[in-house]
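We just call them A, B, C and D in the order they show up, numbering each chain from 1.
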Amino acid sequence: MIIIMRPDATEEQIGQVTDRLKRSGFGVHLSKGAERTVIGAIGDRSAIQLETLQMLPGVSEIVPIRKPYKLVSREFRKEDTVVELPGGVRIGAGQKLAIMAGPCSVEGEKEFLEAAAAVKKAGANVLRGGAFKPRTSPYAFQGLGEQGLKFMAEARRQTGLPFVTEVMDTRDVELVARYADMLQVGARNMANFNLLKEVGRAKKPILLKRGPGSTVQEWLMSAEYILSEGNKQVVLCERGIRTFETITRNTVDINAVPVVKKLTHLPVIVDPSHGTGEWDLVPAIARAAVAAGADGLMIEVHPRPDEAKSDGAQSLKPETFAGLMAELKLVAKAVGRPL
Amino acid sequence: MIIIMRPDATEEQIGQVTDRLKRSGFGVHLSKGAERTVIGAIGDRSAIQLETLQMLPGVSEIVPIRKPYKLVSREFRKEDTVVELPGGVRIGAGQKLAIMAGPCSVEGEKEFLEAAAAVKKAGANVLRGGAFKPRTSPYAFQGLGEQGLKFMAEARRQTGLPFVTEVMDTRDVELVARYADMLQVGARNMANFNLLKEVGRAKKPILLKRGPGSTVQEWLMSAEYILSEGNKQVVLCERGIRTFETITRNTVDINAVPVVKKLTHLPVIVDPSHGTGEWDLVPAIARAAVAAGADGLMIEVHPRPDEAKSDGAQSLKPETFAGLMAELKLVAKAVGRPL
Amino acid sequence: MIIIMRPDATEEQIGQVTDRLKRSGFGVHLSKGAERTVIGAIGDRSAIQLETLQMLPGVSEIVPIRKPYKLVSREFRKEDTVVELPGGVRIGAGQKLAIMAGPCSVEGEKEFLEAAAAVKKAGANVLRGGAFKPRTSPYAFQGLGEQGLKFMAEARRQTGLPFVTEVMDTRDVELVARYADMLQVGARNMANFNLLKEVGRAKKPILLKRGPGSTVQEWLMSAEYILSEGNKQVVLCERGIRTFETITRNTVDINAVPVVKKLTHLPVIVDPSHGTGEWDLVPAIARAAVAAGADGLMIEVHPRPDEAKSDGAQSLKPETFAGLMAELKLVAKAVGRPL
Amino acid sequence: MIIIMRPDATEEQIGQVTDRLKRSGFGVHLSKGAERTVIGAIGDRSAIQLETLQMLPGVSEIVPIRKPYKLVSREFRKEDTVVELPGGVRIGAGQKLAIMAGPCSVEGEKEFLEAAAAVKKAGANVLRGGAFKPRTSPYAFQGLGEQGLKFMAEARRQTGLPFVTEVMDTRDVELVARYADMLQVGARNMANFNLLKEVGRAKKPILLKRGPGSTVQEWLMSAEYILSEGNKQVVLCERGIRTFETITRNTVDINAVPVVKKLTHLPVIVDPSHGTGEWDLVPAIARAAVAAGADGLMIEVHPRPDEAKSDGAQSLKPETFAGLMAELKLVAKAVGRPL
């Protein structure tokens, strides 16, 4: 890292900083400019709190050089990671696009089986559905819990498609992992570090949604938590960030797709349903995500959106979804991806 | 609620909407304007998903009338709630300001006892310290866990001051509640609904920090989760939101203080340490918070900030804190609050 | 509009509001619910200040029904507007994509002619270049002024391509309109209402960039300013908004493309150069914009980006731009657009 | 500045960068770490485009050391600037607080004289009022223009108080400067660089509002534009920034007050009327601003807010304003400021 001293820093202050660095095991390199002194510190950054160096008298600014994440970085692993789900679904590295589709929440067995059959028919290769639902209001439908997991398992049996579902509580990881093919860490829990550690110990692939108020770097740090526990099967999911713009529910950060591809080896998909909040915007953003290089999509589909217990306004009807799939095939082909 | 139809909505579409509302138990009131029809729906909003109404053909917009929270609202309870901690600390309703001070994380017994003695001497009436620490990096110091709780209990014994500390995992609520006088739900866990339910069942007062990407309304909904489980002793804590401005760590939403006072009966305090991220900005923002009507402050104080294992850059030295307390006494007096 | 009264509003207060509305020429429609009264007001909203109604005792909330813009709305004009530039360039309504390319600022005649020839060869159909440059620093290169306009005119002569360039000052509109084929109102001036009025009186098509801190609705209101002066040839340009994410220079609001298409009849293009700030992210976002339905792109291309006087880091080299054009052809075809 | 090379940068690439720096007149200092090379460049930053260095192969990151502004910085001038208005008003440097009050827009002579008399009586020392109004809608009241200036001049004659008013167009600077005692550059025009240059040449003090989407650094750069034209009488005004929070019109960035005080020698005031958008939040935020160290306030006061042609909802009635002045006296005294 680099420590930039203030123009008026004294020799004594410079000495204090270099002493402190040396005590923490850093190699130190002084560079005295006409206006100020700059100190290069070579060593293991985790040996010291950057921010406390900032407290030393005479210090103006600290510039970290290395990125704070390691296992998720391109530098650590050059080749794209491929995340594998049962049923031959392989996500990332130019593989066939992963299309995860289904209703926001599992509301009943019949309804879910109907939705599952419809999305399979339209070409989805992964089912999605919520059994444990994070709801803003304590008075809203909170999901069917284990019963919902059972319905999804039955849908898997009938369709042959693996399913992904959210886990919200460290105490439920084992239960959900017993049923699901992929565990989702939801946007609101992206910085629930205990949950990240727990899913890092699960033997299932993880879908890590980006927090709506979280930077790309924080998102990658959350992935680092999972990888550092030994689970390397992580797919990132951009689902819109919170900005001043309220005309859509969230703002899809489309820039994040190529940025994440550059910084990390993990696959990245986009959720245009939460990203827009309006079903009639979903197709345009789904196409844009594929064109930008995403490895897949997560899309809410409901047989009767106007009766959905959650997120109906952003759910596609099966026939609209089927039409979108046809469009996506063309866009995928244009960017050289199978679908 | 009010349903605004599109200018081109047909009679049939209007009929569909009113039918749907009536089936869900709403009273319906039609108002046909020159340009469009507006439908008033009177009844229990939780009986229907607002967003799914949106899906019905011909609907342009839905306007909820009632606020989504109830127990936390001023309408529900006119008088200010007073939250009580051991040691005679009463927070809210014009009571003496609550000054919660101490280091970010508990690093050792000696260090914490020293800090506790110092903040008590300067006039703090609640101790703060972290045993379980939410850290962005899996490689950073994660806190001492139960050992840290024991050190804080010992500091309480020596100073007579109650203490507040964060709980991050549903599995730890019982443990932390055994030691602490007040449980903190941290900013990153504001929308961890399972944790909110769990602390809602604890028999201890709760300090609920606002999520840096969360609106005031979402923050109040999170408080509603706690109250709806039976725990009415909740203090809200504004600690800065995330904006485009990066010159400070967060942007203190000072507007939130009077807004929250207007909407709810719960006490609200401000954390200028996280809110600014820089110790030399803390005094100005602490004074501003008191002048704006906050019921207290949460301030990081560390005997040797440059050796702190976390958040050193935003921690005050005990002598700076003592100076600030003297300033705060004058401001508190100016706005008619004892300190 | 709808006025929602407070639950405790008195009959007298309700009377005051209806009187006030009637005096301003509104038709009034009362709807008394169990909990509160809702007042529908039918008439010309510009006859009254919405916000001042808010001041009347007993009023809880005002809900505008009609959108504040008119001439730019789909309701006003159903068919897509086509904006025409010399050289047979037609923008919007499914026409061939408009690709506006060239260096950020015009730095010299030779350099600009070289760039113009290169972008033409690669398939651009509009030249772009800055003669008047809005620079954050008063000490940075401010553009060549009229000299720059002359260089662009010469490039037009040589290539046959029309050119677009920014005008920043009401006093310069006439001058710039004398040379340019299309006047750009830059992002920083999106709410410079006097400039909007002035270009609304110019007889040239306008490219209206979205302000980085402006909502879609405000952007459309700025377009309304131009149309209301009589100039209907306006192209909207999304160029990234300012959010908490700093890993890219701006966050491209890709949602805005289908949103704007839905709300208005005006063409919309995207500027991935400013939207990302990094040349190696430009191709992915350019492809995404076309897939989302944009009517064109504005892309910075510089023969030697590392010598550019502004925005070098986000400029493509001509050969990279040519490669991108080949990719865009495929994506355009996939979404049924000629390029 | 410091150039951090990529870990895989070659000797040749490092050579290219140092050559380029030397050609631009920089002194160069190489520091080869185990992992990467860091290059210190000493010299005049304006001699080179930072961003174009970024383009050179092998470069990872550029870290500027010096701030981009000069004349406005504390380093340039240690003592606080005092801005002087006629009538003995001196703003900054611990002087008596400047209280600028009056209606949003000047609506008529009688109304303005009434408002002026009221705010004077309550203790304001500067009048404010708008003759040229930036309105989102082209159909809204745009101000009385020169007529409004005349009414304000008459109010000054009657009350003895100087007045501040906005100028929006480069062509109007001379006209407005002929009447007004202080020219306001509004939030929407903070980055209208031509206007900044023009008011920089005016012989009147300037009130520079912060743009709602602008960082503190950009705000100071805009002030630098004014100072660099020779006008050193600039007062900064924080008026709320745009964030994801919509419960208030803007979010007052209270942190900006001590930040600006630290970075610059210019006075800073706060506008709680625009900052909140609701009159009943204004007193709390006004008190907070003074407690945080602001040099003054700008407050909208209207004799009959419910009849105001703009911003009525955020205007105080004269009697509320008078009550607030009494509160502010106490807070000002608590922080050692005369009022």
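One rule holds in what follows: contacts are C-beta pairs under 8 Å (C-beta built on N, C-alpha and C of every residue); 3 or more make two chains touch, one makes a residue touch a chain.
It should be emphasised that the depicted structure is a prediction, and the values quoted were computed from it without experimental measurement.
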item: Common touching chains of chain D and chain A; value: B, C
item: Greatest separation from chain A - chain, by CA centre; value: D
item: Result of counting contacting C-beta pairs for A-C and B-C, higher pair; value: A-C
item: Whole-Å gap separating chain C and chain D, where each centre is the average of the chain's CA atoms; value: 26
item: Distance from chain B to chain A - Cα centre to Cα centre, in angstrom; value: 26
item: Cα-centroid distance, chain B relative to chain C, in whole angstrom; value: 39
item: Mean-CA-position distance for chain C and chain A (Å); value: 31
item: Multi-chain contact sites of chain D, meaning residues that touch two or more partners; value: 213, 242-244, 246
item: In the complex with chain B, residue positions of chain C that touch it; value: 2, 4, 7, 27, 29, 31, 33-36, 38, 40, 42, 61, 63, 65-66, 75, 213, 242-244, 246
item: For the chain B and chain D complex, residues of the former touching the latter; value: 213, 215-217, 241, 243-248, 251-259, 262, 275-276, 280-281, 284-285, 287-293, 327, 330-331, 333-335
item: In the complex with chain D, residue positions of chain C that touch it; value: 46, 49, 51-56, 68-69, 134-140, 168-171, 188-189, 191-194, 197, 211-214, 218, 221, 224-225, 228-229, 242, 279, 305-314
